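Below is the structure I would like to discuss, written out as structure tokens.
Which chain is which? They are A, B, C and D, in the order written, and residues in each are numbered from 1.
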Amino acid sequence: MTQRRIGVGMIGYAFMGRAHSHAWRNVARVFDVPLEPDMACICGRNAEAVAAAASKLGWSSHETDWRRVIERDDVDLVDVSTPGDTHAEIAIAALGAGKHVLCEKPLANTLEEAEAMAEAASTSDRVAMVGFNYRRVPAVELARRLIADGRLGVVRHVRAVYLQDWIVDPDFPLVWRLRRELAGSGALGDIGAHIVDLSQHLTGDAIASVSGLTETFVRERPLPGGGGRGAVTVDDAALFLARFAGGAVATFEASRLATGHKNGLRIEVNGSLGSLAFDLERLNELELYESEGFARVLVTEPDHPWLEAWWPPGHVLGWEHTFTNQARDLLCAIGDGVACAPTFADGLQVQRVLDAVLRSSERGAWVDVQTST
Amino acid sequence: MTQRRIGVGMIGYAFMGRAHSHAWRNVARVFDVPLEPDMACICGRNAEAVAAAASKLGWSSHETDWRRVIERDDVDLVDVSTPGDTHAEIAIAALGAGKHVLCEKPLANTLEEAEAMAEAASTSDRVAMVGFNYRRVPAVELARRLIADGRLGVVRHVRAVYLQDWIVDPDFPLVWRLRRELAGSGALGDIGAHIVDLSQHLTGDAIASVSGLTETFVRERPLPGGGGRGAVTVDDAALFLARFAGGAVATFEASRLATGHKNGLRIEVNGSLGSLAFDLERLNELELYESEGFARVLVTEPDHPWLEAWWPPGHVLGWEHTFTNQARDLLCAIGDGVACAPTFADGLQVQRVLDAVLRSSERGAWVDVQTST
Amino acid sequence: MTQRRIGVGMIGYAFMGRAHSHAWRNVARVFDVPLEPDMACICGRNAEAVAAAASKLGWSSHETDWRRVIERDDVDLVDVSTPGDTHAEIAIAALGAGKHVLCEKPLANTLEEAEAMAEAASTSDRVAMVGFNYRRVPAVELARRLIADGRLGVVRHVRAVYLQDWIVDPDFPLVWRLRRELAGSGALGDIGAHIVDLSQHLTGDAIASVSGLTETFVRERPLPGGGGRGAVTVDDAALFLARFAGGAVATFEASRLATGHKNGLRIEVNGSLGSLAFDLERLNELELYESEGFARVLVTEPDHPWLEAWWPPGHVLGWEHTFTNQARDLLCAIGDGVACAPTFADGLQVQRVLDAVLRSSERGAWVDVQTST
Amino acid sequence: MTQRRIGVGMIGYAFMGRAHSHAWRNVARVFDVPLEPDMACICGRNAEAVAAAASKLGWSSHETDWRRVIERDDVDLVDVSTPGDTHAEIAIAALGAGKHVLCEKPLANTLEEAEAMAEAASTSDRVAMVGFNYRRVPAVELARRLIADGRLGVVRHVRAVYLQDWIVDPDFPLVWRLRRELAGSGALGDIGAHIVDLSQHLTGDAIASVSGLTETFVRERPLPGGGGRGAVTVDDAALFLARFAGGAVATFEASRLATGHKNGLRIEVNGSLGSLAFDLERLNELELYESEGFARVLVTEPDHPWLEAWWPPGHVLGWEHTFTNQARDLLCAIGDGVACAPTFADGLQVQRVLDAVLRSSERGAWVDVQTST
């Protein structure tokens, strides 16, 4: 079969860049997709490092200026895998240049930027997706379908945590993720964004109001280059209560100092007829209660989401597969015109919730989540 | 050995009455206690029913007026197992009559009553204990000791839920527990009180401020005697954030409509050095993280709390044992002068937290927990 | 209500004696039973110790010669809680004296004794029960009913282990349980007997042939009184394969040196339509597979076996409740004429399986389980 | 960096072919390997199908005769992913042609073939590896190291099961895997081989003697092309006891009719000082007992085997990663001269155990595993 091809240019080559490269490399080898990606170029500011990354990760060429990437004719899709403070400029320019865009989460570091991005996406005819990759965990999508099909009845409770412990050591250095000017926020935007998105995605409902707190337990840390300690200017942990528009109530917690938890995203939903729970550290499983007890459903059957393209029942997937599944859906959106989700508008809505949490934390009171106008 | 005896009079003979009877019947058969309880009399307003209960549960006599119980010379200890609206009057009178008192939780339905009770206890030389029986789960006490010994370092996070689903059916009737005038509050006071007490007991710290919400999902229910539906006037669920005096932050949730959860009290604590978790549905286990992973500690060894008196390792205890362990500690407090806990002052402090949650829920803002003056 | 009473005389006052006492003390306080037990007398050879036990455990009198117990008119039921080498003599004499008998497992130390006991029981009109108490775990009985109702289809696989580690320390002394002349066998008879009984009870089928091995890892141990080491003459572990009469195949393993396992009785059954698993360390749970995943059924609902008499849903039972449930069923068998199980014939059948395992281990080949003639 | 390259030719393109292709495609993108694989050609008998597979899976060319593959100069390594009846001929010829060989497990369908293969490997200077991929699960390798380091003390017990249920439906057709002439054996060779290899690999010990049984529960199945039913000529399940040379005792079970189990490889090891357990359906976890309880170790830390090349802590791997890890180790063996394992001799030893199980099943007695001469 001859297959249409799509040129991909990726900005960023760190952790997310590696994960996205893996997806672009494998998606057409696993799935039947309408477009086959060409890994055209990868971009980073350090020429030597990005050249090595291109070679290592399988990209045909490399650039050191993202503006060059969006000018290239062999790039149809721009994959923005940089830190959040650069998302808006790159993504808006890419859309303006007629490129499709995949942008890592959170959509932006500020609400204003996120609004501009959503506006740019809404006036473009290109596909713009934000990378909430955990929507592409098969167990999560199965959960969403069960809820959408009414199997749980009316949703009453959501409880979601995202617990990590990688900065529990007070001598862990003051990396860029711990500085507000670069990272926007701490645990809230980095991992809290995931559980906000998932809670809304799973329930098909929107968070309407929140009451939150943020806390920084370790207020000074060693400077990375040596020479004393500097102030941590983002939250170590963020906790909030929420009311959904549809009436459900929820607790949320994101922390990077929850000792013993490595990637502990757990979300539970209780409805009037049933309940379910998902834990990212056991991402092939869904806990489902309908009558006699919580069943551990191994989500590896051919009729489970995305699974037919992978392996036989019981042959489990890993974390990186979420990116490959995401790439598949993005290619279907571009090539077949399937509706794309999550859109930049979805990403903006998550930002509005996070913004409301921060405002609530400052005021010590409930605040409403801003709605679109 | 000849053994001193202590006469017990119990007010109430429903669920809690059955559990307490079991404890009084067995405590001296299991433990070496300084005082052997005589199950002197049980008291309830329905003469026929209380007579049957006395016979069934092993009490020597019965009364229909609690005032008679506290007058009896053969009663040294009054066990108040009635609904919360009667606790204050009975307990204060019993202390006034020179009796020791065990009072079920919550201490009272109102803060004023609880304060009066704590005042009465503080001016009495009798022992007054409030029945937060889950302190006497061996795994809970082991957890408390580990935290007190510094094994977890500085406590940063507490997350506690108490989830049940016994009123998830909207046709479950409007029983007294769902009416504010009798029950005080709903899930908050009934089961939320337990997790408030446990979180403070485990950490050795006090909740200083809270932000809460309460929700009643099913607002009308069938009247028990038939003839239409009536308004539910208590909360179905209560959720709150909390800050502890020592700096830890916490989420709390109590619900009676969390489908699939029967007696789902779960509490997790993360410290700077380690973490632990406890789940009441698996009450013989403690999850403990110190270095390589969460260990499932089976708390049935002879050197675990209360266990030496029970069975060999691996022979698990049940829910009712918490009451027997509690009775043992109360008898040691009375007979040997060991410090008694939880005191009425402890019970009052829990009431203050619950009161702050209600006030916060009404105001939509954080409120401080009232402190003793 | 006036209630008929039944006098109980118990021989033995160690671990099993304590557990049985607990059952006799509480059974009529929990259940509605046709006969109320009088704890008439307890018997042991050491006068001082048995007097203390009588006082501690709540027995009205004590004896030092079991023959006196079975002569007493106030004893209607003899509870044999002694080591296995004395079971046959006492139980047969008690039946001969017209007493009902409850005999601890294993029924006897030798097949000959067990046969004599079953013969005595079959020619008596008294009730004779062997104490395989784990049949009275609610989750086990629920499992049995599900299988009997066909919910699992045709049973193909059984895998059962009973793992403990209390003698893993090579300096644990050479107690009587490690000497063949007193204990008959080691792990095989002590704990292997339980899983043989349960596997047959759950499936309603009989083990027809076996291939086994026994092993003694620690061959010498310190003598209890000091003065060197002596030979361990029983098995530390026994493993065997089995074929059931109905076609199922099975693995069995009993060990006292399975490090980390305290009371690790686990049994799994796979049928053509479904599967289940039970783990004694989590005795309130049954794992049940019917379609989408293994469900963790919390066996604490009022319609679960024996549960209506205990506590509300989610209020878990402990190990000792199996004896109280057993006592209830025995009293119903005696008082109401309900069929009693397990009978001495059932106990004999278990002995035959154990005997076949030993013979197989010696021969290095499969052997058939002897059947009744 | 310029990198030496190695041409790979793969025979077979079904399930294993897909998994191996994934490994060859990604290994050098993830790991730093001394040789970069060129996916030179893929081979299958159906020209159209193999052409499609080449295109889909990323191979540069395709062949329809495996003899052509081993003749090609651009092929340095032959990957044998065909059914077991063809392994010997291909692998021996490939070695004879001076190619390195990776051969899927089981090494062969008969002991004679396996012996010939091991002989060929031993007289060749090429690397020959048999694909027991589960050795490359990080949790398994961590377990092996812990045991080798003495953390568990002397190993006493192994219990291993491999449970699946994909043919539990009696109308599942009579595919080639259910016919002895093609598959050699059923569950025994297909999945039993894995647990035999793992048990020996983990313990560093060899199975010395076995007593087994095999069973075929569903003896006739529909012919795949229609037209009635045919006889199943392999085992549905195989169970056996084993004694290791070093003194440990073990139970093994492999079944394809264990309802509810999809890929249920579970292996437990008890030593004199500690215990561990591994479950393939949760392949990122290792259960480890050293003192207080079984810890769930999440095996995703950078210092865990192979993990440094993958993702940050808590970002779990899937089943296919075992093949990529295996490819990495094979490339290191070829390129750097690192010792290769498992060798064909290891594969032969597994065959000898399987052969002993079959002989034991036929004789109804223990048989010794043949040792090398």
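Before moving on, here are some points about what is shown:
In this section, a contact is a pair of C-beta atoms (placed from the backbone, for glycine too) under 8 Å apart; a residue touches a chain by one contact, two chains touch by 3 or more.
Please read all numbers here as calculations on a predicted model, not as lab measurements.
Under the touch definition stated at the top, subunit A and subunit B share these contacting partners: C, D. Of all residue numbers seen at the subunit B-subunit C contact, over half occur in both copies; the interface is built from largely matching residues.
Centroids built from CA atoms put subunit D at 55 Å from subunit B. The geometric centre of subunit A is 36 Å away from that of subunit D, both derived from CA atoms.
Remark: subunit C and subunit D have CA centroids separated by 42 Å (rounded to whole angstrom).
Of all residues in subunit C, those that touch two or more other chains are 261, 293-294, 298. Taken in their complex, subunit C has these residues touching subunit D: 152, 156-157, 159, 161, 163, 165, 168, 170, 211-213, 215, 217, 237, 239-241, 243, 247, 249-251, 253, 255, 257-261, 270-275, 289, 293-294, 363-366.
Interface residues of subunit A, counted against subunit D in their complex, comprise 1, 15, 19, 21-22, 25-26, 29-30, 55-58, 164, 166, 261-264, 280-284, 298, 300, 311-321.
Within the complex, the subunit C residues that touch subunit A are 286, 288, 292-298.
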